[in-house]
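Note that the chains take the letters A, B and C in the order they are written out, and that residue 1 is the start of every chain.
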């Protein structure tokens, strides 16, 4: 009897774990097996044609890259500065506690609400219109708490003795941060930045009303234009397009490219972290 | 230092307000057509970008009002509430009819019904009829696949029949999702633009011809002659609204739509040329 | 560089860093005030009683109806379903990872969970349309699988990585002395796990559930794509539902700015904001209790 119960417990725990692996397996298998055949050099270097029933996803890829770029250069300096303040300057105080609580709550706000905020602030109040700039800034705000948390973790791993040594040599606190702390924490920060990019590349809800378009017939690097994005392209192809069945292979292809892009970024981040950890 | 440079790259062009993109928004019925027009337009006029988004007709007009679109595609005429909003803003708008669309009512092809009366349609869509038995003799629950309340198609059908939709009508994201649902659902009924039926794959579904009273012949939305004569009950012009002030900016695109190439694309996409 | 200049640079940059810290408070306050400001404009047009008790959401009908109930019930139903799936699955997996898995196996399983977390929500929603939806339709013999159950299954997948990661941390945080004491008293491995280790990590597990719940509540694209979007009070898991997030996503693009309908979307956003805020605070409270408990 006892043995059966033990076996049952084993199955319960192992089964749950296997189930989680199975879920990932099914997701990847379904998308890759049906999507890989659509992915080709042609697919990622051409414009959509014939009313988006043929051709490639080039403008969506360019749009996603441009969007991620704007998101990153906006959120990274802010995020790092905030993390530096929290980890290097701030003493435990009410203010510090409020800042930390704000960051944790910002991380919990649904992404669609960031979309509303971006619409009210960037599109309307600042008159940036629906554009890749508005969308990038909105995603930048969304990424802030994430960048701050990962950067702070990286800063925490720098031993205090290093800071003390520099300070004892007569460097000011800023010089210590600039010349010792940040360079040493760089791999950790970089990991966070890359993971943020991967999240930004996959987000859809915040860009819905801040600048993403179904289709654009040319490529321009100008940030005050509307743009196409990979995740939105997938959404559009699978729910909004006129002939959903006809474009299903394109939707699978887009999903494959999107997931591959996100995974590549994650693997790069993982590699940096791994290399850095083993060095210590 | 490099960082500031990146900022400049992003911010400088943003400040120089040279806006050469024509933003077209609204109407799922028209979006595909607009995309095809924009594709060909790029071949003759590469200097002007066109960005297109779908959504309902309400989206187009709202975006025009909000200043986030230059052209509002709409499958319904602008209503008095919206006109008021434009007047409040002091913006004068003009419109242009660039094609005719007909709404097709579709069911699965094994449903024993060949045509439908407008009264019965009103009964079905308002929720008065819940079962197919009185219409087809088959005892099956009626499932309605419609559009979201903001869609021009939804609005048009509602007004044309003088009903409020039953809240149990499923609100699908677009015409294509409706067709797909009907293919899978043998007791479903839905409405889509005729262009979707003629252009997309139409296996597994059939289009119901519509008549108003018993003595009349039922007319199919796929009958081009009847559409040209304006005889089909659910037919409507497709509008493009724009602010009079921005006419110069969008003129190249409107000219292209009126050109022979443009008209040909419209016909190939399953819509009907404008009645002159 | 002379010392004075270096010191003034130091002071200046400290202020810059501090300002960046203050921006986060400003951002949270800004988001809340923006939502609140627009909601107040809404409640000037529509009575709060009608908003909270009305059973219909139909802003575009001739008599605009702004009852949040169908959206709230839809959101609740989908999330409840997701949690019923994700909580046992997540906690058992976490227990397996921390108590039973060989360290080598763990180095394989951890990235699996990270990969699951990295998959964009729109890709999960896509699978809801092409895979889960048709599957549900077949199993239950219904015509269309775009319903609450579909949304629940997908949201469970999205909440799982959060639940697993935080639960595992919580279980790991239980001191080894607890386990050793239990084993020394003659309890076997399973009794120790279920009667000592898991109960001791309970606050952390609750925190994991809360954060997973927050994630599921706020998710937009998956539910928008997979739940059918009918804004009526659902009768069960096989009905189409429309969550608060999906309603905002569908309708925000389509309303003229500064109209009642536009403000209404901010009003439902405030409700969503407050719910997620409450859940996050609750999660944090339990996470802190765990920290204090083991400190």
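One rule holds for everything that comes next: contacts are C-beta pairs under 8 Å (C-beta built on N, C-alpha and C of every residue); 3 or more make two chains touch, one makes a residue touch a chain.
Everything quoted here is computed from the prediction, not taken from an experiment.
Colleague: What chains do chain B and chain C have as common neighbours?
Modeller: A
Colleague: Quick check: more C-beta contact pairs at A-C or at A-B?
Modeller: Contact tally favours A-C.
Colleague: Measuring centre to centre, with centres taken as mean CA positions, what chain is farthest from chain A?
Modeller: Result for the farthest chain: B.
Colleague: Could you work out how far the Cα centre of chain A sits from that of chain B, in whole Å?
Modeller: Taking the mean C-alpha position of each chain, the two centres sit 35 Å apart.
Colleague: Any idea how many Å lie between the Cα centroids of chain A and chain C?
Modeller: Taking the mean C-alpha position of each chain, the two centres sit 17 Å apart.
Colleague: Going by the touch rule set out above, which residues of chain C reach two or more other chains?
Modeller: Within chain C, the residues that touch at least two other chains are 225, 253, 257.
Colleague: Tell me, which residues of chain B touch at least two other chains?
Modeller: Answer for chain B, listing residues that touch two or more other chains: 53, 66, 173.
Colleague: Do you know which chain A residues sit against two or more other chains?
Modeller: 124, 239
Colleague: Using the touch definition up top, name the residues of chain C that touch chain B in the complex.
Modeller: Residues 56, 58-62, 137, 143-144, 146, 225, 228-232, 240, 242, 250-251, 253-257, 259.
Colleague: Going by the contact rule set out above, which residues of chain A touch chain C in the complex?
Modeller: Residue positions touching the partner: 5-6, 9, 12-17, 19-21, 23-24, 26-27, 30-31, 78, 81-82, 84-86, 88-90, 98-99, 101-106, 108-117, 119-121, 124, 141, 144-145, 148, 172-175, 198-199, 201-205, 208-209, 231-232, 234-235, 238-239, 248, 251, 255, 258-259, 262-263, 266, 270.
Colleague: Where on chain B does chain A make contact in their complex?
Modeller: 3, 6-7, 10-11, 13-14, 17, 19, 21, 23, 28, 31-33, 35-36, 38-39, 41-42, 46, 49-54, 66-68, 173-177, 179-180, 195-196, 199-201, 269
Colleague: Can you name the residues of chain B that touch chain C in the complex?
Modeller: 53, 55-56, 58-59, 61-63, 65-66, 82, 85, 143, 148-150, 155, 164, 167-173, 181, 184-188
Colleague: In their shared complex, at which residues does chain A touch chain B?
Modeller: Listed in rising order, the residues of chain A that touch chain B are 47-52, 70, 73, 77, 123-124, 128-131, 133, 212-218, 220-227, 236, 239-246.
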